[in-house]
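Have a look at these structures, which come just after this line.
You will see two complexes here that share subunit A, one where it goes with subunit B and one where it goes with subunit C.
After this line comes the complex of A and B, so read on.
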């Protein structure tokens, strides 16, 4: 742990402090209303009938028996979609309800509204769908070979085919399909409005993107649909795409009654996108000193059946494909394949996670081949100020100590050097059995247990890239408060930014307190009456909506100079944009495509029972550059949580698909880290401020998710001597003996 | 899924409800349960509108619905309401001492908060049995409560803080 942070009282909580979260009390007394807690008078329950087949033609759907069930109010199919038949975050290619064919297991075919959820589920079982089962395409490589891709993005620099290297390592890597597994299930309520419109209570990462997709499918003007945020039980990318939104809206419009939908865990696994599984072939060439000469890579990401955000994920995978290292000659080919597997899209790390596992594994393989220390090889290749990413984007990191002369500042070397005074934890004497691999399973008393240490570096782009017009909007109204606010000024802050758990509401209040010098800040409900805030994703909300709230507060402050609040409230609306980015060239991949870059370095220490293949991660030490600390407690929580999801990918989390069928859609069979799986985490938080960003901040939520996975796998390699080219590492990968 | 494996005829047939009376967070409540095997979680949330206990897996894996049943921690999703006749149920509303809640708030143990009600009940139970648990004991006691946001570090901090506060409160 770094220095313990003492939360300050609410009233003192400006930027840099850790005031109590405004949602904390309601979340500890059971009063916080998550989307799944909502209820309205006269409410019906909705349910979705999903395809059991990964690919099939629908010959007919007979809804009659379901409709005949007493208590069933509506059964709707594709024929009942009032407007456009397809929706999607980037490309509208996913059917609201399958119109004549299904392309993945779990695709929505029909929706039901009934008096109770139980009844709606029973009715779903009575719908007779006649499927003609077709052969699914489940191999992403085959899809690429057939040219069936959502995006292909190459990157070309120099001439890797003629470049000469003293050492070459070439390996293939695989990353399994990870699930975001937010604990709060997809849920929401659609309430018909008297004017024929709708109020939708939704738990989403981006209200306005939802509205843009929902309205055309309902055939309603966007102005007649009002979205208001319901409590969000975690997101991690799973709430970027629509889930219940259009379905419950259709049922509410049809029945004229409020309709609630809530997925159970099994349906949740089928009802949202996942992290793209990847197959990657990497070849690294280095000179005798370990300096990279060339990198060639083929990166195949399985996008599943529909586009979702695959296009953007491929862009990240390609542009970040070699990590934060200098390479003169590069040839990258990245594909997002279309298959009949579950659709994949956004998850924390967003295209940066898969390649990070591969390039960091390659750096370790090179270090091994050359007898170099894993940190030393990374230091030697670290990008520095003025260097270029493989896209040609110039690293514009600013030296925090401008007086320092000599070599250009390297943000990565700066982080690596901090490990000098972070020693690897010693093996404690007399360990408790729960500290050993296998834990209370009592599988070992230390025999067969080997310790290993490994490092991982992650490079993540912050905010939206590739020329996307990324902005956020904030409205701030300052008025004289009543007796409940001691007659002091009160700022009312209105945005549409999603509080997914990260603490963004708290940050908005902190910013308003700091900028206006006041105590009382009231947050108005997030809804579509505010302008778009963009998504709570890409580690962007502190930067973007934080920037918008800051700008609106500054405008209010200016006006306040010349006015007396007693004469009336002061209000300002500001739209905040980050600096413009450019698309990647479709042939060379060149272009200043990213806004901000963030680095995180992890060191993992593991104990491995090499006889049973059981892994216990005993320590994770993290050094991360966050620009400026805005809220120490929330920041630490982001790094801890991101690290945990990376651990999950390293050693346990994978959605298993067989011929397009999901085999483990439950928390019994899809394991996420428990408190016993997580080791103590030591953090060394570095503040190298970014002069372009509000307060100098650097997005912090995603980078730890990238770096912890390769660090843990490197540590397992160190303990076992096995190559380990696939995550999650499973016991059988550690125990199956290879011919020597 | 909670529905019985019955055909449409059974689904439409009149079902006899049984009345279950229990105490929830100190208040006497009655529920007319018409589904065989209806879970306590479903009764609390869907029938009685008491949404403190959360529904995240319905398989007893995540602990989000942890409540005390006659003082013992259980996953409400695994308990049949019919078993609860005359019994005492305490949710996050009634089971958790103030210092435990405050510690979660102060130490940053709450992010999205969906796991929090179940965790708070589990921590309340732990601290009643063991007023000053070591890290290993905390991890063992909370191993049935999944949290996806925090990585658990601040939850452990919060348990220590709560233990210290409660020790200071004792005469």
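After this line comes the complex of A and C, so read on.
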């Protein structure tokens, strides 16, 4: 047995390497079991009847004809909810089933269990709901004016009203409602347990948060409900809120049989929250050198009908409202409005995306007004070590080269300066039509095409903010393996952390290999028998569950010094917490509210067919500080994916609502980028390690989603000369409906 | 409303056209299916619930094209991928349109016959067929008939196809000069047309206003496309640069 005094990464399977993911083969060859693939003997199918109206009173619900259909086992309404009637991630305000009124189109009214999904759907059509249709409120501004908000958060610094500026830029911006568009639809199975409890197979971002919300609504002790993770087909925030969980559990309890629910694509669009659409009025004042003097902003986010995570999204929007720049005088007002639009909540970037589009557009407008280079104006205003965010939080970046004398280290200037070695790519010659705007549509052979270049910078908080007690738990057991492991030590790692496609399972194995100096690491199923891992959100899972697995491995390693594995396994459980944060002051917005800050800078090069208004992004170059690279391939995947979602918001992705009705709940009409829309990327990954974080890592999944959108829009502005204050930019905006 | 559990659709799989039309006469409720790229989406969205299906993929004669001298006769079951790969030299407009259909997987399955039978205004195959004056061949138990493409489309999703009839082939005149096909969508691939343009347009066509694009924009984009296509054809004919 090797003496484990000097742990070394196992070959190429440890931290810093890119071993093959444990789920790779099954996902590539189609054998991976996603939640929608689950099947149990004697299983019924559940289905949800949803409101066709954005706002209505329910006079009555007649379930009789549906129940009379042979093969229908149960039809349940609000009257059948066994426990609490409402649930929610932060505030329990969303009805399990609409009790007497509906507040958005798609709100769940009744649930059905039947022998087949088709039959359950037919039964749903037989339920007679008598609606009294009411006028929906669909304008977030009206809701704010009426004081109907989930949260209002101001930030006040200095005195922006008397501050003097040489140049002032004031504009209004709008961000459309983006969807996470995970490819795997919401799905799960509830299986009754012999003791009257339940086993729930769910695809969620946070098992324990689900359990905390499910149990009270079922009127069951949490200990009688066991959640186990089903295969997750993408999340991006869409799996933070509950979807099928309570409904299938109610049907399983009622029928005593396993019940599966699975949304189709249209229902998926109605059955999860979206990114908050935003209207923002920004005023930036700068001195003659382009240094920011003041920023005033009104930020209205449409939270839709129920709270979801709007409260936390508003906090991010307010605290990150000016980006990574120094400003002496600040007045920010951010609202999360309650309307009868679809509920909005978590999506990659989480409140940082909307304001990033606005503040970066403002930086470009100032640069334009002053005749400054867009990177130079950002350099001049970049936050440095010791500077404060507008919340008063001190930037605690550590100079990677401590010997360097002179000005305090600025993480943003460091990233910007790397573009000196990254020239704008030249126009490739002799290109195929698929390289031109319009792509395979053959709309241009070069006619009307103009090139533009633009930059965007994003600032994102990593981990949960504002005083939230954020932690993760890991159990590691080391034992001597059998012949299948060549008699070598095997580590069993047990957490509840969600593998949403980001490669977290792989990282857990890498950490165990590195910390224990062993080859074989077995991951136990993610379930609620483990302690909470927190959410696979906020770019936090490498930091938090990575930190917990590392700590548990270190504890096992210590014990291993004095013991022989032949005498029995060694086990340790560790809970990992990041440093504490504080809430924002409700009047001034002040407070050390964030844990870790992450920066990303994008440069976009676009070709625009200015006559047809079609856009082809031809290059995206990204410079991002990730602290320490833990897995190069997974990291590049995160940057590519985050960038692509930002591209989608820039030029195509929007859920269109009309009077509260969703008009494009399909992949036919809600477009996401294809391989012909997303160019190959050039990455410059910077490792300025964070001494507070495990391995010095910095959360990496979200920052690229912020900065790619403003970079692409800036490039389109450069090509067209149009102001472009709304995303997604549509062909109409570049041609017949140019915004002023 | 029926209270019985729905039966699985009956599935007929003929091996020849005469067998197909006989089955269709016996089972008028049967919906013909080839690539299924429209029908199965409708089924999945529960917009269609066929009681019976007539699978045409076993009919070998529908899956071939033939050179007829001045024209090419394309079996209704020839997938778009083959039109692009095999017919670009003689039918450049149609081949260019076929290239814009869906994704590679869709182009491997989807057929021109299905495009015609669905008769969607967004059908990518239609403009080049209209521009070149193609002829649609239709078969039924009563015999075969030929319909000029200009008389085939009666309106959105409505065609001259009668109950019991199948589209069996399209005869497309070979290109006598340069052809162009342009399709505008809000994505660079795999997108349903906002509008598209070949060398002939129905002057009575009125663009619609929907989530994919406004009528104003469609009108504008068509005008740009028309000008560009005409400039290109003119330039090609006179051996000049299109700009």
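Observations on the structure shown:
In the analysis below, the second predicted complex is superposed on the first by the 724 of 740 C-alpha atoms of A that agree within 3 Å, B and C clash if a C-alpha of one lies under 4 Å from a C-alpha of the other, contacts with A are read in each partner's own complex, and residues count from 1 in each chain.
Criterion: contacts are C-beta pairs under 8 Å (C-beta built on N, C-alpha and C of every residue); 3 or more make two chains touch, one makes a residue touch a chain.
Here the structure is a predicted model, which is why all the values come from computation and not from measurement.
Applying the stated contact rule after C-alpha superposition, one finds that A:611 touches subunit C and leaves subunit B untouched. Of the two partner chains placed by superposition, only subunit B is touched by A:181; subunit C is not. Contacts of A:70 after superposition on the shared chain: both subunit B and subunit C are touched.
Contact with subunit C, but none with subunit B, is seen for A:115 once the two complexes are overlaid on the shared chain. Between subunit B and subunit C, more residues of subunit A are touched by B.
Looking at the shared chain after the overlay, A:20 reaches subunit B, while subunit C stays out of its contact range.
Legend: residue contacts after superposition of the two complexes on their common chain; A:523 is shown touching neither subunit B nor subunit C. Of the two partner chains placed by superposition, A:463 touches none, neither subunit B nor subunit C. Of the two partner chains, subunit C is the only one that A:442 touches; subunit B does not reach it.
Once the two complexes are laid over each other on the shared chain, residue contacts for A:730 go to subunit C alone; subunit B is not touched. Residues 65, 69-70, 116, 118-119, 121-122, 126, 264, 434, 440, 666, 668, 673-676 of subunit A touch subunit B in one complex and subunit C in the other. On the subunit A side of its complex with subunit C, the touching residues are 65, 68-71, 115-116, 118-119, 121-122, 125-126, 264, 266, 434, 437-448, 611-614, 616, 651-652, 656, 663-664, 666, 668-669, 671, 673-677, 730-732, 735-737.
By the touch rule above, subunit B contacts subunit A in their complex via residues 1-3, 8, 11-12, 35, 45-46, 49, 51-59, 61-62, 64, 91-93, 96, 101, 104-108, 110-117, 120, 135-136, 138-140, 142-156.
Considering their complex, residues 1, 3-6, 41, 44-46, 96, 99-100, 103, 180-194, 196, 211-214, 216-217, 220-221, 224-225, 228, 231-232, 242-243 of subunit C touch subunit A. Considering their complex, residues 7, 18, 20-21, 23-25, 27-30, 32-34, 36-37, 39, 65, 69-70, 116-119, 121-122, 126, 180-185, 231-236, 262, 264-265, 432, 434-435, 440, 500-503, 633-634, 636-637, 640-645, 666-668, 672-676, 678, 680-681 of subunit A touch subunit B.
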